[in-house]
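Input: structures, listed below.
Common to both upcoming complexes is chain A, partnered first by chain B, then by chain C.
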Partner chain A sequence: MLRKLYEEVEGHIDGQYGYIISVLNIVEVGSGVLQPMTGLAEFNVVYQALVMKVFKNMVVDGVVTVVNPLGFWAEIGPLTMFVASALIPTYFKYDPSANPPAFISEFGDDNGHVSRIEKGVAVRARIIGIRTEATEIFCVGTIKEDYLGPQLGV
Partner chain B sequence: MDVDSAEEDYANGVDTTEEIPSIYLPPRQLIPPRTTREADNVDSSLAQLGAEFDKAKCLLIPEVKVILDREKRQHGKVGVERPHNEVLEKTLAYCTRFSAYTNPHTVRNLKRTIDQSRWYPFEIALMANLSIETVEEARALIPSLDREKMDDNEIQNTLNELQNLRKYTAPA
Partner chain C sequence: METTQNLALPQDRYPITIVSLRVKKDSEIYRDEVIGVYEYVGTVVVKKTVVADGREIHEEVPTRRLVKEEWRSQFEGRIDKLNVSPGQTIADPKQILAVLVEPCGHPIQVRGICATCGKDLSIGDYMGNDMGRATINMAHDNRGVTVSRDVAEKLDKERSQRLLIAQKLTLILDLDQTVVHATVDPTVLQWMNDPQNPNQPFLKDVHKFEIPTYHTHYVKLRPGTREFLSAMNELYEMHIYTMGSRQYADQIAMILDPDRHLFKDRIISRDENRSNFKSIQRLFPSDQSMVVIVDDRSDIWRWSPNLYKILPFNFFVGTGDINAPRLPPSGPPRSGPVLPVSQLVAEPPDDDDEKSVEEKDLSDDVQHQFLDDLEKTRPLEKISEELEEEGDRNTDAMEVDTPAADSATDNVKPKTPTKELSPRRRTVLVDNDRELDRVTEILRNVHHTFYAEKAASGPAPPDVGEIMARQKKDVLRGVKIVFSGVIPSNLNPAQQDIWIGAEQFGAKCSVDLSDDVTHVVTVKQIGTNRTNKVRRARNMPGVFVVKPDWLYDSISRWERQEEEEYLLEEVCRGARLSLETGRAIYETGDDDEAILSGTWEHENDLFIKLGQDDIEAMDAEIEAALAEDDDSDEIDHDTQDTSFPDASQNTDADFDAFFEEGFAAFAEENESSDPPKEDEKRKAPEGER
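Up next is the complex of A and B:
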């Protein structure tokens, strides 16, 4: 029965609680009630779980997975985020000839380091919209703000 | 006005249309008035996380890593077979990458600091998780810090504390 719980709950999405990553502790297992007709039993199980939920306007770090002219996708753990090119500061230009494709800043910082947004780079973004689906949560982010954008040394 | 006088008025040719109550109901509202749902008010910049999460604990990224590592080890031991969990793997990979504090002792100290602070749990968790260094940065990234009676010094103190903890237990 516990296996059934793990199967049904772990790694899945709850509308209220977001991603249920792992069941940590089972608090109480209710007594089973037989369902008429089917012969299956129904148990109420109270458990503690580690969940991941994102909120609007929250700032998160993510890892860039795909870059294309329209923007880029990033992963925040199990969650996928899209940052449209309109929400990337204008000094980042898409460079299709780069390999892998990247958004490249027009000017470097004090040390001459030019920041790039390409696959594998850590990016800090603010979440501006969230869409919850049956199997995944998508959110839309922006990096067009102070202190947001690609992060060094992570 | 009662019926008798209405009839009288009618008989006298007085225009009483204003005063006769209509027998028709006011038009039914086809679109029900918009009720505010719980989900509309959930916004981290206003420090409102919704009823279920108001009292929830916020974990730090390294903390999550410690917990998940332990869970994973236990999965093998306990008799109950657990299905492969993609989400757990992804989360663990993410936590490994973004852990600013690797030492479990640091995490414990940090947790103590957090429990004693007067911030909303999610605010201080963000401050620690994002490795914020300056007050300006904190205010920009965590808009809910911008509410009244939030002193720069207070924020700076907390940030310093977090930074010290990070410094003293740099990657072991």
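Up next is the complex of A and C:
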């Protein structure tokens, strides 16, 4: 029965709580009630779980997955985020000849490296819009603000 | 992303008079807020009740009268300019009444939310929602980013600028049968592991990959592909556009371009395209002036002028294009055991433009089924077995044949000494395709012309499509073609691949013979069974009667080929072909002897020269020609083996019977003179492949 619970809820989306990432603790398993006609029993289970729910204006850390001229995609755990090129600071220029494609900053960072947004780079972004679908939550973000953008050592 | 919007009113209401205004300059308004009130002369339906003959009749009478209406804003934002004042009458529908500055024009949207302001746009009001403001999906991937026309144009422009600076053009490259040929036939693996197999040398560079829970694919690169890609990389920014699945495309890209420096992420597959057709607009919505396409099919590009149609690369014989099983084959007729030609021709061309998502699932099933069938039927093995049988027979027939006679051909390979019966064994696979070398040359030329013209024309850059169309037009300029026995009569000839292809290359096509015809393109015809047109054309001076290969080769090489090599040779030795005039000279005489002795030897040579593919194609064509003379619409595949003795089945009895038949028909046709029959002929089917 516990396995059934894990299968049913882990990795799924709840409209109220967002992503249910992992069931941590089962508080109470109610007594089963047989359903008429089917022979199945229904149990009310109270459990604690690790959930992830994002809110508008929340600042999140993610990893860039895809870069294209329109902007880039990042993953924040199970959540995917899109940052449009308009919301990337203008000193980041899209360079299609780079391999892999990247937004490259005109300024170096503190260590003198050119700051790049390319696949695999950690970024910090602020969420500006969220859309919850049946199987997926997805949001758009911005890095055109102070302290946002590619991060070192995240 | 502030966007300005010019406000106007519905065009059919002009002239209008502004009655009052409720906003001032710089006032912030919401979407659907009332800006003012205006009036216009409109048609209003008035319900009237008329009493006639003691009964009430309800009538709706349209009457014209002054109508007052509220002027509501479709957009949210700040009024930047207000060009009208109360009491003013405006007659010109084009006059801008007010200018409004939107805080965000939602030019980039991701699945219903604006990527620049984060607003959920899928929630609409009675005026609809704002999702329609960004509908163009121009990214290679399918993650749901859509942009507005303005942004698309901006991005296209930026790309063009970048390419101009780098002196490059864009090249869209197809995969299947253009640079690679893939199959799922497990025979390939057997052959690869069998050192005795004569096909093994060709299979050394066949790549194998598995798509999880799907099929194991075997992929052969077209000879010269790597050289082609690296040469093209200098001149072109390359994109992959394939009808294969995403996984398939990625796997092939890994083989072609392991470090991803050639294509990067510029790969688009069936999963992103969702249509049975390819279009440049999918990737380059506004500017196609620098795009060159290389593909083996022109129909799915709707004969785009930017297309360079390459001859299909058909390495694994009988497989065809594994990613296009639902469409009829392209290019020169090729036949295989999996896809009988008649079946494909009979299939109606797929006309539904945009495949919906549900349909796509269906087509995926079809695709899966096709691959399953392919795995089971193992066309390669079949062909190989057939060939071996033939080979055995052939060697029996020509025991004293010297190896020198065969050394000129590519198909024949010395066989390993395991089988004593046949000293050599023909291989199924042929690895002599040098098509890409020529493509490289042509694309270089296009690139060169483009930048030469750009330098000459100054600021306005030339259009590659125009350049290519012009170069194509020069190829067959002044040629007038009549097809005979090539296009099935039940199809509209002007919509056929070969017809459109010929016209794109500057030739004029016509249904019937006329004085200015220069070429008759026809399938191989035997004995007396040639079509009426061909018979008439033979008597017209200066008319070439050529095989379709002449046209296909001219088109794919961008060069008018010498007709001499493609002339339809007379099977009947009694009639000689004059090379000067291209017409046949008939010498009626003792034909029977000539055919029985002469024809066969000729055929035998041909068989060695040509691959199994060609032989099969010819068989199909001959059969079609036979069927045509019977005035029957259907192609009876069962008769194939009996109606014309296969080149390999060299039994005298067959030939005697066959040619006796042929001559009876010949005699008949000669007696009944042509004119009355011609009209009949025109109505009758013109020939099927």
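Just so it is clear, the second predicted complex is superposed on the first by the 150 of 154 C-alpha atoms of A that agree within 3 Å, B and C clash if a C-alpha of one lies under 4 Å from a C-alpha of the other, contacts with A are read in each partner's own complex, and residues count from 1 in each chain.
One rule holds for everything that comes next: contacts are C-beta pairs under 8 Å (C-beta built on N, C-alpha and C of every residue); 3 or more make two chains touch, one makes a residue touch a chain.
All values reported here derive from a predicted model rather than from experimental measurement.
With the C-alpha superposition on chain A as described, chain C and chain B fit side by side in the combined arrangement.
In the superposition on chain A, A:Lys56 contacts both chain B and chain C. For chain A, the partner that touches more of its residues is B, with chain B and chain C as the two candidates. The three-chain arrangement built by superposing both structures on chain A places chain B and chain C 140° apart around the Cα centre of chain A, to the nearest 10.
In the superposition on chain A, contact of A:Tyr6 is made with chain B only, not with chain C.
Look at A:Ser22: by the touch rule set out above, it reaches chain B but stays clear of chain C.
By the touch criterion defined above, A:Leu70 reaches chain C but does not reach chain B. By the document's definition of touching, neither partner reaches A:Tyr47: not chain B, not chain C.
Put simply, chain B and chain C get as close as 10 Å, counting only Cα atoms, in the superposed view.
Taken together, the two structures place residues 56 of chain A in contact with chain B in one case and with chain C in the other. Contact residues of chain C toward chain A in the complex are 1, 107-108, 110-120, 138-141, 143, 145, 147, 155, 158-159, 162, 166, 259-261, 264-265.
Looking at the complex, you find that chain A touches chain B at residues 2-3, 6-7, 10-12, 16-17, 19-22, 24, 50, 52-53, 55-59, 61, 63, 75-78, 122, 124, 126, 145-148, 154. Across the complex, chain C is touched by residues 56, 66-71, 73, 82-87, 96-97, 99-101, 127-131, 133, 138-140 of chain A. Across the interface of their complex, chain A is touched by residues 42-45, 49-50, 52-53, 59, 64, 67-68, 71, 80-83, 85-88, 90-91, 93-95, 97-98, 126, 129-130, 137, 140-143 of chain B.
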